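Naming follows writing order (A, B and C), and every chain is counted from residue 1.
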Amino acid sequence: MQENVLLQMSHIEKRFPGVLALNNVDFTLRKGEIHALMGENGAGKSTLIKVLTGVYQMDGGEITVEGEPIVIKSPQDAQNKGISTVYQEITLCPNLTVAENMFIGREKGEWVRHKEYEKRADEILTQLGIPARSTQQLGNCSLAVQQMVAIARAVDMKCKVLILDEPTSSLDDKEVNMLFSLMRDLKGQGVGIIFVTHFLEQVYEVSDRITVLRNGELVGEYLTEELPQVELVSKMIGKELEELSSLGETEEKNIVPSEVFYEAEGLSSSEALPFDFSIRKGEVNGFTGLLGSGRSESVRAIFGADKVNGGTVKIKGQPVKINKPVDAMKHGIGYLAEDRKRDGIIAELSVRENIILALQVMNGMFKPISRSEQEAFADEYIKVLNIKTAGRETPVGSLSGGNQQKVILARWLLTHPDYLILDEPTRGIDVGTKLEIQKLVLKLAEEGVSVTFISSEVEEMLRTCSRLIVMRDRHIVGELKGKDLNQTQVMKTIAGGEA
Amino acid sequence: MKNLFGKRKEPLTNTQLLMTITIGIFVVMYILAMTLLGGGFLHTQQIFDMLNDNASLIIVSCGLTIVMIGGGIDISVGAVTSLVVMSCVLYLNNGGNVFVSILLALGIGLGFGLVQGFLVSYLEIQPFIVTLAGMFFARGMTTILSVNPQKVDHAAFSKLRDAKIEISWLGYTAKNGNVVPARIELGVVVALACIVLVFILLKYLRLGRNFYAMGGNQTSALMLGINVKRTRFMSYILSGLLSGISGFVFMMHTGAGNATNAAGMEMNAIASSIIGGTLLTGGVGNVIGTLFGTLTLTTIKKIVVSSGLNDPWWQSITTGGMLCFFILLQSVVLSRRSKGKKS
Amino acid sequence: MKKTGKRFFGGGLGQLTIPLIAIALLVIFNLFRDPSFFSIDLSHNSDGNIVLAGNLISIINGASELAILAMGMTLVTAACGGQDISVGAAAAIAGSVFVKVLKTAGHINGGTVLLAFVCACIVAMLFGTFNGVLVAVFKIQPMIATLILYTCGRSIAYWINGGATPTVSSPIISAIGSFIPGIPIPTPVLIVVLMAILFKLLFHFTSLELFTQSVGINGSAARLNGINATFIKLLSFIILGVCVCVAGSIGVSRLGLINHETLLLDIEMDTILAVAIGGNSLGGGRFKISGSIIGAYVIQMLTITLYAMKVSSTDVKAYKAIVIVLLVVIGSPVVKEKFSKLVGPNMYRHKKAVVKGGEE
């Protein structure tokens, strides 16, 4: 067994200001195996990959390839040492041909020998069974094929370790199968493949071994066949920290019948398949499911964040049209987006400006909130939510993640919404803040606000929600409430199938 | 490219599609001009005149196309051309020799390329600002050298200037029975040579392909192992050098230096590149398209004049209209294509 | 200028550091070179009015069009992350319309001047809308979109007046272009102050500033907060259109004639420069109109200083270029980082690390 080891990462440590992203993590990859790297958001898998590919420099630990200790300085260096990565975002040039994409940046001599490259590219493509022609423009190929071309490039560079970072998230079933047969081929040739994904079925379909990370720590390494799906899910999601159990018990929560606030039938968007959904006044419900299960896409559809394709929506029984965010806001819906950096904060604007933004939009451009009012609002929410900032004029981008999140929460609370959608509000923030946010959710519900709460951590949702909607593969696969609201049941429903 | 030479059929790349549209429009326009307007358009000399008058514009457009394919912009090209003209004229008039003046032209162009390239690539300053400063500097230096127009008075140069290639079978017979041969200036030869060289560079040299990769997706280019900074640096150097050449060709055409030489040439060059199918976003473009871009632009102007719209404003209004048409066309064509791919 | 003083320094110097240093350096340089550079006299002009005169006055006066255009350009830059290169050409159009209406009306009085101005404004706003639609709806980069009008704008101006360069002479026109009888301050300067106040009021009575910055910094987040980015971008071009019209009208009034070829020639480049010198990112986002206004005065001061040093007007560009390069090199992130490495640990790198850390 031991001589089979291709890549050994031991005691890896990586620190970011205020966060220990990787804490004493070990990872072993053997020749000719497909090794799945699993973990929810913030578990540290992408940090581990970035350390391995030289994007980040590790703060402690050792990496050996075939027994030789190596230092990886840059992505380029990693490639030269036989470690290639194919990212979810394709890092090829769509405006060049397939052959050029396979050879550019590593040709010898000043001349491009198109004919020769095309011949060699066609050989490799045929050999790997990739349905593309070398002379095709890459941008005209499907995403799956583009990904395979990236793999072909890596293979031709004689890579020993191939990292596939979420390669299947934008592929359909047929394309996934194509990719898998290619992966099995490479495995047969002795390449070690690290497969990062959030699709459980796929892990069980192709991988030999699974390593699970959680909160920057190693949970364990398992043989795929020996680890049932439900157990994998529980290892990924794990138990919560003791501090959090101080929150109220599930039983006490609101099962008070009240009027339905929001109701959607067959709602669909460019990203979400049609679904039905409703929420009562003062209810806290959750959408759960693994990343990519469609939970975020569904709530985005409710808010009109993506192009809405169809369905009927009623608010307090009245039919309404919600096609864009501003429509939703006018109907008292607030939405805290999953990707805080991209969709949430306006980094260079001050805390004050970020807090009053949504209210200002609802008031309209011609009714600006006066400066003194803005300051009062900002001060109030900085105090209420305990936002740690040097002052209300500090650019929000310089705050820590948790405080940025509180600023966005403040932004929506200020609009006094009837219905608040919180997509991963606790992601990537410290435990104390997580607790505060959960308490806040419960308090809002008591005040009659409906809340949809999404979190990768099931415990959090069990503690706050009275009803859980479970999604898998972009479909709603179950709705849990009452006594079904427990970890085992949730895991089973998420994992699906044989449970 | 294969489909143009009739081998295996691949769907057109964006570069080819935009270029084909331009060539198509040019041909249709020219044929229409020949049938409806006749006159000069029936003589081959018309095309040669267009080339003679625009040789230096074609050359700077080549340089600009390179920079734009790499995702940058260089608005100093016209001013550098003008500075080169003035410097060479003064040098020749002070008893310089022609060969050295060519070196001088190349040297000035190279100098601008080096400095601008360094500022853009290694200090990461916005190319628009850098080349704007370059443009100001070159224009200012030109007037510092001389505010008054300077005519070249140099025997050897005059020979070069007056040298023309005459092709009698492409000529026509004038009313008095004399055969007027087609005349091509040496500058056109230089321009065509530049086009061929840049074409080869962009298609068959590693550097050329790197320009496309860099313009297509900078992050990807970096991940694919391309030295992006050096590649960008090279694009500005090439553009500078071509501006130098363009300056010399300009001088061969006019035989004089003037502070207002090549005024607005940068915008004409950008227009040529865009009409020829180069995208300012980078990664898409072709120097052959640029040649046709220049010809299309010139033909429009000629047609406007021949159709009796003699008022001077019509030329640039139609140019603007043309530009608007092509920009919208590109926007629509490309967004349609990317939508089609998604579904 | 003075009226917006509080805003200038309200939130610390920040982005205004470089333009203010530039002005300070120019002032010091001139003090050493020739202290009389700053002398201001009261003299009688040709109309017999008592007016202020001197280099300082001609700087502040001469920069008026530039400052006005820079205000509008700042907004476009902030919202769209790109610049409008057609402002000079559009100003020529606006100026031509202004003169054309006056000529058509036959006589020049307060009413017709106002009418002419309103007509010119509408036309300039229409051309602004044209640019804005290309940028906001068709998603074309601003520089390319405005290249169209840059190419043909002056010809359209030419065409409006049938190729002539008609003159308009009237006390009202000269009052706009030089001095109002009894007021020693040049009218264009007053107009700049008026425009600055208008912008200030605009930002005070609407939340345009907040929305524009949001769109420019993070378009995706702005959209999810219900801001209509297309409209904000379009609006920025329309507002620039108003600035273009004001600048064009001043330009016409100064000379008492419209010359479509030379009116505000090459001003687009100076305008963009003023925005950049003012510390605004040309990539959009956070902006300070005051910075751009100072930027405009820096440029004009540099120009006049060079004139005073007997540099001819055509040569000024070369020196200007050197100053620009120096300014942008000092402002370049790469240089800043290199410099800070020499000085030791600093805020800049720390900030970067936080951003990286937050990604996980």
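Here is the rule we go by: a residue touches a chain if its C-beta (ideal position, glycine included) is under 8 Å from a C-beta of that chain, and two chains touch if they have at least 3 such contacts.
This is a predicted model, so every value here is computed, not measured.
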B-C or A-B, whichever has more C-beta pairs in contact: B-C
Relative to subunit C, chain with the most remote C-alpha centre: A
Cα-centroid distance, subunit A relative to subunit C, in whole angstrom: 45
Geometric centre distance via CA averages, subunit C-subunit B, whole Å: 32
CA centroid of subunit A to CA centroid of subunit B, Å: 48
Touching residues (chain side subunit A, partner subunit B) in the complex: 75-76, 79, 90-96, 100-101, 104-107, 109-112, 114, 133, 135-137, 139-140
Contact footprint of subunit C on subunit A as seen in their complex: 16-19, 21, 42, 44, 46-47, 303, 305, 324-326, 329, 335, 337, 341-349, 353, 356-358, 360-363, 365-366, 368-369, 393, 397-398, 400-401, 404, 411, 428
Subunit C partner contacts - residues on subunit B that touch it in the complex: 73, 119, 122-126, 128-130, 132-137, 139-141, 143-144, 147, 259, 267, 270-271, 274, 280-281, 311-321, 323-324, 327-328, 331, 335
Touching residues on subunit C, where the partner in the complex is subunit A: 11, 204-208, 210-211, 213-214, 217-218, 220-228, 285-286, 350-351, 353-360
Touching residues (chain side subunit B, partner subunit A) in the complex: 2, 8, 10-11, 13-15, 203-210, 212-213, 215-217, 219-221, 223-226, 283-284, 341
